[in-house]
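After this come two complexes, each holding chain A, first together with chain B and then together with chain C.
On to the complex of A and B.
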C-alpha cells in the first residue's frame, strides 16, 4: 500500500455558474486599472480640441456645417483611431513581449477569454473617452447657440470606428508581440484613413460611401446644412457604417482566437465562426452601401430606410418684416433674421404693389436635384399669391465660413438682392432673356447697386448663371440704364403692365421704355 | 590573509580584455555597440525603414497622392516620414532600465550614435524612395521634415518613454495636416513652409538638436509602473 492510495479521494468542486461572470468582471476591472489607454487620452484630448473642435468653430453656427469637418470628413476618427490602434497593439502584445505567453496559456481561463478582457478594457477606455469628448464638444456648440439638432448617429459611427481601430490594433499586437507593433498599428491606421479620404474625394456614391472619412451624400450636397433643421438626419448610411466597422472589429477579435494558444479546439472553431460573421457583416454593409441613392435629404439605403424619418421636422418660424412683407426663417437661422430683412427691404420696396410681387418670404429646405439643367437658385418666386422661397442652405450666411473667406453682411445683402431680382424677373435657373437681365440690372440699381459693380457681384455669387467679371456695357446695360433713369412711378407702372410678358420671355430690349 | 591579494590574478588565468591592446578594445567596443543595437531592436527598425522607403517609392510612382489642396497632396509622404520618425523614437526603448544606466558608462554615446545613425539611414531610405519623382518639396524638404519629426520623436521618448515615443510624431502629423488645411504657416510647423525657408529649417534643427541632447543626456523615460506609458 502506498501513500497515494491511502490519501482521501478529492472530488473537483463543481464550478458555480455565477462565479464565471463575477470572475470576468473582476478580470475586466483589473485590466481597466492596468491599461495604458488612459495615459494617452490627454494627448488625444489636445488633438481633438486642435483638429476637430477648433476648426469647426470657424464655420457658421449650424450643426450641418459645424460637424462637416469633424464628423462628416471623419476628423474625430482620425484624431482617435490611429492612437487607439497603437495603444491597443501595445496591450495586445503585452504577454508576448514580456515572454509570458507560455505562462498565461497554462492558466485555467482560456487565453482568448483573457485577451478579450484586455481588449474590452482598452476599448471601454477609448470609446468612453470618444463619447465624452464628443459630448463636451456638443455641449460647447449648444452653449454657442448652434442651430439645428446634433447628428447623433454620426457620433455612434465614430464610437464604433474607435472600437474597430482598437480591435484591429489589438490583433496586430497579439500576432506580432514587438515594441514596433504599436507604431506600425498607428501608422496603418493613418494610412487607412488616408485611403478612406482619397477614395471619398473620388467616389461620391456607391460602395465608397461606407468609408468613414467620406463626407459625400449626408454632409456634402443638398443635405449639407438643412439636415437636423427641416428634416431629420437620415440614419441609413450611419447604420451601414456601424455594421461595417463592427464587422471589422468582430473579425479582428475573432482572428486573435485562431492561434493554437488561444484555447481548445472548440474555442478556436468558435473564433473562426466569429471571424466569418464579422467578415460577413462588413461585406453586407458594403453591399448595402452600393444600393444607396441621394434623396436630397441625405443618403437613402432602401433596405435600411424607415419612412418615418422622411417626416419633416415641425417648427415655429422666426418672422420679421421687410418693407411690410413678412419674412420667416427656420428658428435655427433666427440670428440672421435682421440681416435678411435689411437685405430684402430695398428690393421688396421697389416691387411693392405690383401684381406679381411676393406677399411673403419664407425659408425652404435646400434641394439640389433641379431636373431642368443648371444649378438650382437659392431664391425662387412662385405660387398664388406669390411667395418668395429662399433655400438659404445653398448660401454662405454672414459671418465665418470655414475654409472660405468670411462673408461680410454687405456682400451677403448684395447677393440676396441679386438673387431676388433674378427671381422676380422670371429668369429661372438660366441667365434669362436680355430683357430679364436688363430689368434685373435696373432693379439692382434701384436698390443702390451701381451698374459697374454688378458683373463682379454675379461672378462672386455661387452658382449664379450670369456672365463672368467684365464691364457693365452692351445693349442689356444700355436698356437697363434707360429703365433705371425713369421716375419711380413710371418704372413701377411699366412693370405692372408688362410683368407677365417679361416673365414669359416675350419682350425684346426695344420694348423697354 | 588579507584582501590585498585579491587584485592579483590567479596563476594561469586569462588577463581581462580591458587591459589588452587597442584591437581588443575595438573588439570590445564593437561588441558593446552590437549588443546595444540588438537590445534596441535596430535590425527590425532597419527593415521597417527600408519598407517605408519602398512604400514611399510606390506611393510616388503610382501616384497615390490624394486629390485636393496641399494637405491632401502631402498626406501620404508626410505619413511615411512620420512612420520613420516613430520607428527611430521607439528604438530608444531599453528593456534593462536602472541596471543598464548604472553600469553603462558608454550608454549616452550609444544612444546618441544610434539615434543619429538611424536618422541618417531613414533619410537615405526615404530619399531612395523619393527617387520615383514627385516628392512634394524635394529632398531638401524631406531632410528638414524627417529631421524635425525625428527630433519630436526623441523628445516624446524622453517625456513619455521609448515605447510611446511614436505618439509625438503622429500627433505632429495631425497638427501639420490641420495647419496645411487651414493655411497656417508658422515655422514651428515646418512641413507647411517652402523647402528653402530659413525659419522652418531653424525650427526643425532646434527640435532635433533638443531631442538628441535630451535623449543623450537623460535617455528615454522609464517608469516603474507596469502599465504606464513607458513600460
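On to the complex of A and C.
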C-alpha cells in the first residue's frame, strides 16, 4: 500500500447532470462484460438447435410451416425462457448473495437504477442471442430455399418474451437474494411455458391466444401456409402479445423499485406507477386477445387491425404447362412446379378440348373455412373461361411433412388427380352424386389409376369428402367401368353434351352410356 | 463539523444496538474502538446512510440524510468499506473499483484516472486486471479500500479496514489514512488499538451501544496508567481500563 503523500492532490469532483447518461452507459458496459448470461448461451444454443430448428426442417420448405413449430407454438421461447429467467434471477440476487447490498446502497446512484443496469445487461445478452439464433435459423432457411417471407412480427414476440422472462426472473432474484432463486425462477419459467402450451390445446380462441407458447396454432389462424405468401403476416396478434409480454416485463421491473432501499420516495412512487402501467398493458392485451377472430388470412383483432395488411402481396407467378394448359404457382411453390405439371397432365389431357375444361390452372390462397359446412376444397373449377384454382396450402406437398409421413411424389400426384376429377365432375364439398362419382372414377381410370386403387386413395386424401375405404364395386363403379370402356372420342362427346347436367346433379347412373 | 450525531439510537426489534450516541467530528482520522457487539458497525452503517436511526439526529457534511436529495449528495461524497466486504468474483480489480466509481456518480471522464489512482494507492496496480476471485483476503480488503476512496470522499467510513492485511500493508495503510485524514473526515472502526495509536487523532470507545470514552489516543492511554488493566501496550491498557470502569458503572446502576 502506498502512502498518498506522493500522489497528486485531487479535489472533490462534483457530479455533472449531463454526465448521467454517459455514466449509465459505462455502468452498462461493465455489466455487459461481467454478466452471467453468456455462460448459459451455449446450452440454449444446443437446445434451440435440437428443439426449435431441427424439427422444423422436417416440414415442407415454406416459412408458414417451418416456423409454425418454433415460432407459432413458441418453442424458441420455451428453449430460452426458463434459462433466461434463471440466469436473470441469479443476476438479480447478486448483490444480496454476495453481501454487497450495503455497499451498493451507500452509493449515490439509486439502487433501482443500478439494478436496472444489471437487468438491462442481462436482457441485452438474452435478446441479442435470441435474435442471433433466429437470424441464423432464417439464414439457413433462406439457404435451403424456403418459400414465402419470414414472420418478423413473431420474432419480435419471441424477443419480447425473452425480455419478459429476464425481467420476471430478475425481480424474483432481487426480492429473494438466495442461491436458490435461480433454479426456482427457471422452474417457474418452465411451468409458465407448460401451462401456456397446455392451455393452448384446450382454448384455441379468446384470451388464451395471448399466451406466448399457445399450442393451438394461433400463429396465423386459418391462413396456414399462405401467410407471408399471398397476404402479409398479420401483426394483430403479435402486437397484442408484445403488449402483454412488455407489460409483464415493465411490471416486474417496477416491482424491483418498490423496496425501501430502491431509492427516494419519488422514485418508489415512479416504480409503483411503472408497475401499474405494466399490469394495465398486460391486462389490456388480454382483453384485446379476447376479441380476436379468425379471418381468411390470419388472426384479426379489430382494435389493432390495419386494413392495409389485407391487401394481397403482388408477385410474379412461376408458370409451366401441363397438357398444354398453363399452370401457375406462387413463387414460394416454384420447387413443386414440375410435380404439379406432371400430376395434372394426365387428367388435363383426359378433358382437353371439352367446353368445361380449364384453360389455366392457378394457385390461390387457401379458402378455409369453406363456409358451407363441408371440408375445405383444395381444388375448385369455375369461371368463364374455366380456371382451375388450387389452394395448395391445404395439401401436403411432396417431400417432408413434419409430424406426418413424408409425401411421395406419386402419392401427391394421385391425390391431385383425384381432387381435379372431383372438381371437374362438379361434386363440390360433398362426395357428389352417384353419377358424379362414376365420372370422377372414369376420369381417374383414364388418367392411369386403376379402379381398385381409387377407394384407398380417397381415404388417404386429406379433407377429401368422398366415400371412405371400400372396394371398387357396386353400381357407381359398374357405371364408371362402362364410361371408361368407351372410346375416347365417344367419352368426350358424352361429357361435352352432358357436362352442365352432370355438374348440376341432374343425371342418374342409368343415363351414363 | 462533517459528522454531527446527536443522541442517536438504533433498535433492531428488541435489541438496542446504539443507545443515545452523541458524536461530532471534523476533518481528520477518528477511531472507533470497542468490543464485539458494542454497536460500532451499526453506528457506521447509520453514518453511511444505509439505515436510519430509530431516534436522534444525524447531520453529515452539513446535510440531513433523512431527505432523499441531501442523502444522495452525501453519498456522492462518501466512501464506505463494510466490515464484511462482498465482491463480484468475476470482476477484475479495476472493474470493481470502476463500478463503484460509477455508482457514486463520478463524472465519467474522470473515472479511469481516479480508478487507476485508487488502485495504485492500495498497491494493487500490478493486479488491476486480476479477477477478484483470484485475490487473497488481504488483497480483497485493499480492493475494498480502493473502491471506498476512488471518489476522493469527504467522509470515509472504514469498518475493520486492516483485517487481513499483513504488517507491512498495515503500516502503509496507516500512512494512507493519515494522508486521507488531512482533507477528509475518516472514521475507522477497529479492534486493533495499534491502528488507532498510529493513525487517529481522536478516538471513541463504544460499549453496549454507548460511547464510554472520547478523546485522543494519548488520553486513552493515560486512562490505563496505574490501573493494573490488562494489555501489552499503553493503549490496550487504557482500552481495558475504560471498558472495565464502564461495565462496573453499569453494573452498579
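Convention: the second predicted complex is superposed on the first by the 491 of 513 C-alpha atoms of A that agree within 3 Å, B and C clash if a C-alpha of one lies under 4 Å from a C-alpha of the other, contacts with A are read in each partner's own complex, and residues count from 1 in each chain.
To be clear about the criterion, a residue touches a chain if its C-beta (ideal position, glycine included) is under 8 Å from a C-beta of that chain, and two chains touch if they have at least 3 such contacts.
Since the structure is predicted, the reported quantities are computational estimates derived from the model, not experimental observations.
Legend: residue contacts after superposition of the two complexes on their common chain; A:265 is shown touching chain C, with no touch to chain B. Look at A:51: by the touch rule set out above, it reaches chain B but stays clear of chain C. Of the two partner chains placed by superposition, only chain B is touched by A:197; chain C is not. By the document's definition of touching, both partners, chain B and chain C, reach A:34.
When the two complexes are overlaid on their common chain A, residue A:316 makes contact with neither chain B nor chain C. Touch criterion met: A:187 reaches chain B, while chain C stays clear of it.
Annotation for chain A, partner touching more residues between chain B and chain C: C. By the touch criterion stated above, A:107 is placed in contact with chain C alone, chain B being left untouched.
Put simply, chain A uses residues 33-34, 36 to touch chain B in one complex and chain C in the other.
Contacts from chain A toward chain B in the complex involve residues 33-36, 39-40, 43, 46-47, 50-51, 55, 58, 78-79, 82-83, 86, 90, 178-180, 182-184, 186-187, 190-191, 194, 197-198, 201-202, 403. Chain B meets chain A in the complex at residues 41, 44-45, 48, 64, 66-68, 72, 75-76, 79, 82-83, 86-87, 89-90, 93, 160, 162-164, 166-167, 170-171, 173-175, 177-178, 181-182, 226-229, 231. On the side of chain C, the complex with chain A involves touching residues 45, 48-50, 68-69, 71-73, 75-78, 80, 82, 84-91, 95, 98-100, 102-111, 114, 117, 120-123, 142, 147, 151-152, 154, 165, 169, 172-173, 175-176, 178-180, 183.
Those residues of chain A that touch chain C in the shared complex are 1-5, 7-16, 19-20, 22-23, 26-27, 30, 33-34, 36, 94-95, 98-110, 114, 263-267.
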